[in-house]
Every structure is written in structure tokens, then in C-alpha cells.
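Next, two complexes with subunit A in common: one pairs it with subunit B, the other with subunit C.
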Partner chain A sequence: MEIIEKIKTKQSQDSLTEIQKICLDKLQPSPLPNPKSEQWRLSNKSKFSNFLNYPFNEKNPKFDTPFPKSSQSTIRLVIGDSCQFNLIEENYSIKQLSEDKLVKYIKEQISCFDENENWSDLLNLSLNCTKNTLGLKINGSEIPPIEIFSHASSNSLNAKTLIIFLEKNCDINLLQVNLGKENSSLSQSTFFFLEENSSVNHGVVSYGENKSNLLNSLNVIQQNNSEYNLGSLHFKFNFARFEIRIKQSEGNAKTNIKSMQITKKDEQISTFTKIDFNGPNGFLDQINKSLADDKSHAIFEGSIIVPKIAQKTDASQLSRNLLLSNLAQIDTKPQLEIIADDVKCKHGATISQLNEEELFYMRTRGITLTEASKLQLSSYFQEIISFIPVSKDRWDLLDKLLQEN
Partner chain B sequence: MQSQMKESDPILEVENLSASTDNLPILKGVSLAVYPGEIHAIMGRNGCGKSTLSKIIAGHPSYNITNGDIKFLGENINSLEPEERAQSGIFLGFQYPIEIPGVSNLEFLRVSTNARRKFLNKEELDTFDFEELVKEKLEIVKMDHAFLSRSVNQGFSGGEKKRNEILQMALLEPKIAILDETDSGLDIDALRIVASGIKKISNSQTGIILITHYQRLLDEIKPNYVHVMSDGQIIKTGESDLALELEKKGYEWTDNFIKET
Partner chain C sequence: MVKENLVKDVVKEPYKYGFVTDIETEKIEKGLNEDIIRLISQKKEEPKFLLDFRLKAFKKWQKMKEPDWAGLGYEKIDYQDIIYYSAPKQKEKISSLDEVDPKLLETFDKLGIPLTEQKKLTNVAVDAVFDSVSIATTFREELAEHGVIFCSISEAVKNHADLIEKYLGTVVPASDNYFAALNSAVFSDGSFVYIPKGVTCPMDLSSYFRINSGDSGQFERTLIIAEESSSVSYLEGCTAPMFDTNTLHAAVVELIALDDASIKYSTVQNWYAGDEKGIGGIFNFVTKRGKCLGKRSKISWSQVETGSAITWKYPSCLLLGEESVGEFYSVALTNNLQQADTGTKMIHIGPKTKSTIVSKGISAGNSKNSYRGLVKIGTKATGSRNYSQCDSMLIGDQASANTFPYIKSQQPNSEIEHEASTCRISEDQLFYLQSRGIEFEEAVSMMVSGFCRDVFNQLPMEFAAEADKLLALKLEGSVG
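For the complex of A and B:
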């Protein structure tokens, strides 16, 4: 209840937007997620309560984006920057969605929300007034890479919302970077709508500083013949949850996901995914990797839903985990719910330590144990990182960040 | 044979070496000395301890030395880490070279070469200088440059993996190379390439230990000494004709030596 009171106290009832009111009403009966539910039972309660403890801050102070902007053609946007953005070029256009359209779309989404499963989105939309929402409608071809930044400032809880409509036959490369400053909480909700024959290579890189927290929710709806490729990396957060919900609304779509979380010290980072096939001939190839060191805790829970209508679905979900310390903890649970009878679905999970024989092989070539471990870890990361649409100069920066970590 | 007077000190001396893994004795008193310019072949049935001996010399952490010494250039190396042994000039060519997905072969070779060069007080090579060096060494094993951009041994055929091992040997310029069944899985042409590579790399200052089951490698590289191992011991040592005799008579013939000993 506290969180609702906090929002209501912060803003007068009159200044709340229609969306905020709807979401607050939805949260009213059960203001916090059910700690016994499958989605929340492993979340560290004190860390989660710490997430909610920071004062809510609507302001969006300027910050220096850590990724250098080297390519002139890259389009860079920061959620919360008040400037209007409309780009109309010969081959493509990127237009900001009008407030009416945003509200209409969000209302449609909320109508399907489950209070527990979509708690992170309900919180985000309850907190967020329209100025921290970026809605884009993209069409055309030969669209330059897009980078979208979202950040939380120190000692505050910030909420940012991103909504993207990708029109028919449109291809984009989009890198989304979520940054948590020291002692901060970021609530980030993203909604993606892919029309027929559209495709997106979506990178999500989220990293925090000391004692930062993140609730990152990603909702994707894919129409016929669309392709959604996600490469994501979450690290350096005291507490982070990445929730991925993808719905192939009519089937006949492709989804590829390569996600990774790295935990150290006493951090807890989790990834939850729900892939819903709502039509035939859907395709999914998913791999989630976790790497847990020190006393940290990494969690993966994935579910693939294949109802009767989703015949000929071809889905694979794999969870690979690397445990680097005796005190670290990894929980993983890939799941399939299949009702259709003519499908090809598989899932699996492995938890291992660094490969001793690989290490010995490298050591017999004069490479020290520390260096060999680093090489082995970077090879473990590489499959995921190479899937993130990041250009070479940003890759170097990412490499450095991983080395520091 | 080993007691003959030699002009120089041995590169590698294994003295009465016994070793175990998980409390299971594998080596039971092996002695061997390799002098500069010598090629030794070790033969024996599967499971007799040949590969274990090579791994123990290279410093595999899964094995415990329970007795005896390994001396390299006169220094006891029993307690050295595998990387220290490699940097100082001991090379192990693996029977089954390990695949390391995601680690580029070129980068792996460069890091290894620089580790050895650092030990030798030679200047470390940057990417460009290393490319020049590796191009020259690729010729020795007739490998295509494209192998360098792939992950270490990943997707390599059996023969390509073995050639990659010899390429590493060429780059690291070891004082002693222990080649564990380098000939297994090679067709006739690949065997010739590998054998010719080994001959080009070795010289009067280096030593080689070939672990093999087959005479065909020894037809290409004539050993000075052949040792037969059985149950963790060297039961017979002879010159290169011992291998020929072994090829003719099989390991059953060596069972008589065990009875004699």
C-alpha cells in the first residue's frame, strides 16, 4: 500500500493522468506482488523493498551518455528529454506518437494485464507521467541504427516508458541502454509492436553503479512474418529483474533471444521470460546465460506457451549457467506448456563451473590461470554480446566494462 | 642405453616417477632422460600410462606425484604450475586438442607466444608483428590463414586440430615437445605434413618425445630411442628397430619382459 500512497502523496489526485489512475486502481487491491507467486518467490525481499524505498523523482537531470557517439548516422534519444522528435527522410520516417495514440495503446495493453505478472509495468505506468514516456512510430527502409538511453539518478526512483511501433516491411537495429546511478532505482517498461514483415535487432544493455536497482520489463507483440531478435546483458545491479513477454499474435513469426546476466558480490539479477505462441508455425530460439560469482544470486525462469492453435511451432529454450564461487547461487527453470500436438519443442538447463580441461590446455601454452579464466569467460560472453547490435567502438567500451566487472 | 656418456646435460630427466589420481596409482617408477637433439618414442597398450606421463610432465593439476622427480634443464619442476613449465619451454601436443568456443585462434596463439617470449626476455609482439610471424609458421604445417580467425580448434577436423598443435609448437619454440598420439586420426598426407613440420621445428638443441601406437609416424621421424610402457612402468628401452619388432610381434611379446622384470 505504501507505494500507492507515495504516488498519491507526490501528486494530487487531479494531476494524475488517466493511465496513472487506471494502474493505481489495478494495484489498489494488491499493491505489492505476491511473494509466493512463481514470478516473485525467489526475489530477495529486502532488496526489493530497497528498490521501492527511494523517493520518486519525475525530473530527468542531464547526464553524460557513456557510449561515444561516433557515427553521424546513429540516432540517439534519451527518454525524458523534453525535445520533440520527428525525423522524416526520403526512405524512412521516425515520428513521435501523439499523446492520444499513446494513451489508447497503453489502455489496450493494461486491459490484458495480470496484476501479479505485470506488476512491474503497472508500477511503471502508475509512476510515470507522459513526459518520461517516449513513443515512436517507425516506417521505411535503410533506417540508421537507433540508440535509446534511460537512466535513474542517484538517491531516487525514476520511471521511464518506451513504446515503439514498427510498421510493415520495416527493419531496424535498436540499442537500448539502461543505466542506474549510485543508490538509485530505475523502473523501465518497453512496449514493442511489430507489424507484418517487420524485423528488429534489439539490444538491451543494462548496468548499474553501486547499490542501484532495476525493474526492466519488455513486452513485444509480433504480427505475421515479423522477426524479433533480442540480445541483452544485465550486470552490476544490486537488484535487477528483467521480464520479457513476447506474443506471436498470429504465429508465423520468428523470435531469437540471447540474454545474459552477470552477478557478483551479493547482487541478485533475474530474468523471466514468457513466450506465447498464438498461432501456427511460430519459431523461437532462446538461450539465457547466467554467471554468478561471490555470494550473488542469478535466476532464470522461462516459459513457453504453445496452445492448440499453435501447431507446427518450433521452439527451443536453453539455460546455461556458470557458477564461479561456492557461495554463489543459481536458480533456473525453463518450462514448456504444450497443448498443440504437432510441434517441435525442447528445453534444457546446465549449471557448470569453468571447464578444467580448457583451462589446462591454455595453461600448457603459457597462459596464466587468471588470464585463461578471463579468456574462457569472454568466450562465454561472446555468444551473447555478438548478438547485441553494438558497433565496434561501443563493443570496446562494453569489453572494458566487463573486464572491470 | 641411457647410461652412455653424453656431451651435454639432459633437457628433461624423469627419475623414478610415481604418480596417482584419486588415490589410484598410475605411474609406478618411470625413469627417462632426453638429451638435446634426441627423439624418443614411447609405445604401449592403451591405459599403460603414456598419456598420464605426458600430462604429469606438463603439470596437470589432477595428478599427484607420490615419488620421484621431474627435472627440466637441471631444475626440479615438480611444484611448478603448468604455465610456468610451458613458458620455460615444455610443450605438450594433445591427443585430443581442446576446443575453446569464442576464443579466436589468432588471439590465443598471440597470447601464448607472448607469454613464452616474455620468459625468454624477447619483445612481445603486437597484432601486426604477430601476423607476420604466424604467416611464416603456417607454411610449416600448410594451414590456411582462415583457421586463425576461427575459434580455437572449434569445427576443425581431426587433422586440422593436430596441425594446429604443431603450429603452436612452431610458435612457442619449446626446448622439449611431448607429442601425445599426434599421428592418430591423420590420413597419409596429413601425417606427412605433421611429421615434416615436427622435423623442421626440432633441432640439435631440442628434444622430442613421441607417444604413438604406430610405426607409420616413426617411419617419417626416426627415433633415437624407443621405450615400451606397461602398467605405469617402462619395461623395455631400445633403438628404433624395437618399434619395428613391436609392430611385427604385438604387445603380447612385451608381456614376456614384464614376467622377466
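For the complex of A and C:
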């Protein structure tokens, strides 16, 4: 593990940026996450070390986008493209964050990082230089949909960072696509800051090719009256972790999360979420779906933290899982930690296979078993896919998933 | 605001069972080493296999580290500062209840244990454990007629050594965890139940544990074996008097159910919880586990946990036999600075196994109440089913309620459902009851009782009444 060795020895110290130095200092005492901690206990050790085994690569080769750019005024950006980006229109503006602001913001974030819990972000930031960081500041109204791509190149480890500030009263649709290549690792960290009254429909679609790995971390801070809607989809990764950390910094905010992971062969995909209510009147509606087939392993771990200050919080979390093979396994652990008394919190979890009665019903109506299970799967997928802000005629995700399965 | 204070007042109730019985006890020196273990074994006139079992456990314990993953944050326990054996000194062997120290009987009376003739009428046999050694066992003859063995574990060691040797430590091995290892090394007494093939135990068996001496940890061990097609219901109740230093209680309970057998194990635990500032109280670190070995066997745990400064206990079921059933029904009430970290583990190994979990937590004051559970479906457990429900109720804004369920499935042909909710006492319901002329405290008590109804329904009759009273006691009293 070349990267870990580098961290240990702090190689080429001089060329590093300030952020990289801070992150390396934080990582140095224990360069790897604690395998016994709750967040890392279930991660497959050999797959994880495989993730770290590829040499680090800063270059960004050309790649094919999975769906064509719409003729309408969609804004399409690729992290790592060195061109400067500034868009100032009548109603809105999207500007690149200045380096000072970027550094200031990241430093603030790092100061409250925990070495183990935020290990993925620390690794990302310690590897990443400014070239592979995209920082945007968005304000105004009637903003066209935004698409942001980040991708890995074969036989290497890539690190990409995305930082987005959404100013007051701003409203955007953002689709983030993470693409893995054959034999590659991608470390993607995203930081979102939502100011008062802003709202985001955020879609995250990540998929790889043969033997690609992903470490995807998403940090969101929500101010008063902001609304954050996330629809996410992870599939076709040998090893993938999706970490979602949301903080409603003053309460009075709304969060909706609909996420899904699909594992086949001997893949392992896990989703970890931590929702922190730091003020009253918070709202959360979360659903995570997993589908595990062949010898694969799907993991969901979600925690909801409601301190005393967060009165009148209304939070619900649901984990629904489909286990389709004898050799596959599913672990799910929804957690509630509550100190405030005037709250409504609930969670639920189910693990089962396809509904036999429904299958039987469809077969009695002349539908073949394969078609019937496809129908059932499509209704299972549809709930999540409809939450991802990309129209069906541009990119038919449902079709793509059904073909894969 | 007024209402909030009222609710807080309502949950305060001084500990009713706080008194010390002044009788002569025989103690050995404080501390723990091989010699002490040999001494305990010698005093109890144990066979060699048991001494070996103890010494092996002690060696394992020495290598283990005290667990801290639950984040309970108690002061470190000095294991060398505990007396590991204390028995009430008796002048001669007892032949009837009349000869028992009257002070002792008085103590049981205060606790409301009818160890006397009245109990016969209620058809309950009692094996009372008073600081580690069984004093008297009633109804033995009637049980013996059915071939049921119900005695203290030390007696069983003498009279039924073969059964003890065969089953002791098979469900909870000495190396299972830190406190189980400690218990295996130093256990002083406990209950032993053996139900022969085809016998339905003619009465509910009951045992009351009571920690009397302030500095003696109680390490009791219970072993229940239900042979093919037999069934038994076992009741365990716990109360302890007030002491300033924390007393450790590390018990081990092992249940074994063979083909078509069923065991129902009910607990009402009301040990001293410490005062409002968290001084004193019992540390209740218990390992309870049942093994459904046989086909269609059933083990059901029901518990009402209202006492102890810290409760750390996960009654579990290993479902090995085909179509075996595990159940867990729990009510945990915490107040002041109490901490309860309780839940269950349902390990489905055999095919078509079923489990049900119903857990109700009520936290008041500054207390912390956590449900921590594991449901695991193994690869061979086809057609298995689990249903879990965990509800928490919060009284006051200082209390905390946590839910940590962990679900693992490796079998597609199985179904697992889990749901959890957290709420407070509904003001609308409270207002409705009060507008119908029901006093505030009675209304709160009614609502808590309603909240726990699912669990109380599972308790044996006498226990349900006692549990209802216990919760009402904790929730009533200081208002009005």
C-alpha cells in the first residue's frame, strides 16, 4: 500500500498544499481506519486493501459520458477539467470559489473531523491537489439543471473533491455521476453547504466496470428552512462505500433521502448515514433499499441523532432489503439516539425475497417467471429512480438496471 | 411547564425495600485468586470436575478485558475488593420452615414473598436465595412426584452431578464474556431445574434473589433443562436493600429445551437503583441465554426491569432445532441516573425457526435506556421468520432513549421485520383522561401501563399484577 506508506513517511512534504499537510498530520498517527470500529467492522479487509493498492494518479484521461448532453441549457462539468468556469446570467450566477474561500471552508470542516469517522474525507483531501477540486458558489433563480461527472482511470487511484455553496433562496437540480473504470479506485468527497431557504434535488449515480472500487463521501450542512433531497444509486462496484453525513445546523430544515445499492457476484457495497439534528423542528424521511444476489454483501448502517435542543423533530428511517441468493448476505443496522422528549422518531427494517404470491398471481395471468420478477424489481427500483433528477428520455436508469439484473 | 414538573415528580418514589437484615453471616476474605476459588469449592464440597471448571474459567477471565463498548461510563470495579462467598450462618441443618431464622423469614415477608403456608394455596414453589445459599425449598415433594427436580445448584452438584457435568457451561461457555467467565469461576449458588420427558411442571417455579450484605457480589447460576415434550414456567424476582457502594451482580442463566419442550422464563427486577444523584445501586451485568436444541422447542423470555443503577443484559435464544421458537418480551423503566442497556439476540440456525421481539423502554429523569439487539439468520435457516418491535417513551427532556438493532441475514428464503418508534406521553390523551375526572398521576400511570400492555400480557398472572404495581409505584406517590 504505497499510499499509506506515503502518509506514514510524509513524502515530498514541500510540494504539498496547506490542506494536504493538515490532513496528513491528522492521518499520520493511525493511517488506516480502525477495523474494529462500527463504521469499518463489516468492510471486507482484502477488498479495502485492494482499493488502496493502486498507484495514485492525478491525470484525467478522456472518457465517454453515459448519456448525451441535452440540447437545452444543461450545465455539464467534469471534475479535473482544468478550464476556469464562471457563468453569470440575468437570473443566476455560478462562480468558481476562490482558493482562499475554499481553503477556509475546508479547514473549518477538518477541524471537527474524527480520524475514524471521516477517514474517507481525510484520505481524499490529503491526496487531492487543487486541480481535481471543483468549488462552486451558486445563487439566483431559474437555474438550469447541473450535471457533474467524476471518473477514475484504469489501474490507478483517483481522488476528486466537489464543494458547493448554495446561497439564500436558491433552488437547483444537480446530478452527480461517479464512474469507475476497470481495475480502478475512485475517492470522491462532496461538501454541500445550503444557506437559508435554499433547496437541492441531488442525484448521485455511481457505477463501475469490472473490479472498480469507490469511496464516496457526502457531507451536507443545512441552514434554516433549507431542503435537501437526495436520490442515490450505487451498483457494479467490487467494493464501494457511500457515506452520507447530514447536519441540520439550526434545525427547521427538511431532508429526504432515497438511496439504493445493488450487489452481484462477490461485490460489497455499503451505505452509512449519520443525520445530526442540531436544532428544533427538523424533518427527515429516509429510505434505503438493498438488493443482494450471487455471493455479494450489502450493508446499511444509519444513525439518527436527536439531542436535547432538537425538540419537535420528525424523523423516519426505513431499510428495505431483498436477498436473492443463498450465498449473499445483508447486514442492516438502523439506529436511533434520542435525548429530546417531544419528538416523533421511528425506524423500520425488513429483509425478504421477492413476494411469491405476487409472482404466482402474475404467472397465472400468463406472465413468465423472468418477466414477473422483472416487473417486481422494476417497481422496487422505481421508487428510488424517480427521485433522481434526470428525465427518463435522456437517461433510462430503470432500463439500465433491469438489463444489468 | 407545570405539567412537566408534575410528570417528573410522579416518577420519583423512594425505594421501598431498603432495609438490612441483621443476621450472622459467614464470609470469606475479600479478593479473588486461585486459593479463594479452591476455598469456595471446598466449602461447598464440590466434585473435582466443578473445581476444574472454575479454575479454567478463572484463567480465562484473567486474560480477558472488561468490556466498554456500551459506553456505560461507570467507575472501574475493583474485583479484589469484593467478597466472593457469604452464607447465612446456621447453627444446624433445617428440617422445617419453623427452624429458619425468624428474622430471615421476616425479610422475605417484607419483600412480599409468601414462603409460608399461604404460598401452598397459590400453588407456587419457591426457592429463595439469600446471599448466595438456598435457605429452604418448598413443594419439593409434590414436584418430586412428577419427577421434577427443583433445587439449589449446590444441592444439584451433590445429588445430580451427572446432569450438571453434562449441561453446565454448554449454553454460556466460560469464555463467552468477561462477566460470564467471572461468574463461572466464583458462582456461589443459584437454582437448578430438571423437567423429565413428557412432564408439564404442575406449578410455576419461582425463585427470589436478594442481595443483603453490602460488599458481597452475588454470582448466581441458574440451569434449567427441559427434556422432550416437557414444559415449565420459571419466575425470578429480585429486590435488594439500600447500600452506598455499588454492588456487582453478575449472574448466568442457561436454558436448554429439547424436542417439543417449552421454557418460559420471567423476571421482575427491582434492585436498588441508587439515589437521585446516582450514588449506590446495583450493577446488574447478566448473561442469559437459552438453547432450543430440539425440534419444535420454545424458549420465551419476559422481563420487567425497573431497578439497578446499570443493567446490562441480553437474554438470547439460539434456535438450533427445526421449527424452534424464541420470544423476548421486555419492559425497561429507568429514572434518575439509571442506565439500562438491554435487548436480545435471536440466532436462527435451524430451518423454519421463528422469533418475536417486543421491547418497551420508558426513560425518565436523567436516565439512559437503550435497546440493543441482534437478529441473525444463518445460511441453513430456510423459511425463518423474525418480527421485532421496539418502542420507547420519554418522560422529561433530560432522559435519553436509544435503539441499536442489528440485523444480519444470509438466507433469502426468510423474512425479517423490524420497527421502532419513540414518543412522549401524549398531551391530548392526558387532557382527555383528565377531563374525564381522572387524576393526573393516575392518567400517566394508565398510559404507561397501556404502553406496556403487550409485554404484561405475556407475564404469568402473579407477575403481571406485581409488574403493574411496580411501574405504578415508580410513577405514582409524590403528587397530590
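We adopt the following convention: the second predicted complex is superposed on the first by the 388 of 405 C-alpha atoms of A that agree within 3 Å, B and C clash if a C-alpha of one lies under 4 Å from a C-alpha of the other, contacts with A are read in each partner's own complex, and residues count from 1 in each chain.
Rule of thumb we're sticking to: contacts are C-beta pairs under 8 Å (C-beta built on N, C-alpha and C of every residue); 3 or more make two chains touch, one makes a residue touch a chain.
Keep in mind that this is a model prediction, so the values were computed, not measured.
Because the two structures share subunit A, they can be overlaid on it, and in that overlay subunit B and subunit C fit beside each other without clashing. With both structures placed on the common chain, the touch criterion links A:S37 to neither subunit B nor subunit C.
Within the superposed three-chain model, A:S379 lies in touch with subunit B and out of touch with subunit C [touch as defined at top]. Of the two partner chains placed by the overlay, neither subunit B nor subunit C lies in contact with A:N155. Of the two partner chains, subunit C is the only one touched by A:K333; subunit B is not.
Once chain A of one complex is fitted onto chain A of the other, the partner contacts of A:Q28 are absent, as it touches neither subunit B nor subunit C. Of the two partner chains, subunit B is the only one that A:T368 touches; subunit C does not reach it.
Using the contact criterion defined above for the overlaid structures, shared-chain residue A:S49 touches neither subunit B nor subunit C, since it reaches no partner. Of the two partner chains placed around the shared chain by superposition, subunit C is the only one that A:N321 touches, whereas subunit B remains out of contact.
Taking subunit A as the reference chain, the count of touched residues is higher for C when subunit B and subunit C are set side by side. Remark: least CA distance from subunit B to subunit C after fitting both complexes onto chain A is 13 Å.
Put simply, subunit A uses no single residue to touch subunit B in one complex and subunit C in the other.
Those residues of subunit A whose C-beta lies close enough to touch subunit B in the complex are 356-358, 360-369, 371-372, 375-376, 378-383.
Looking at the complex, you find that subunit C touches subunit A at residues 377, 379, 392, 394-424. Subunit A meets subunit C in the complex at residues 308, 311, 321, 323-353. On the subunit B side of its complex with subunit A, the touching residues are 58-62, 81-83, 85-87, 91-92, 94, 97-98, 100-103, 108, 111-112, 115-116, 119, 151, 168, 172.
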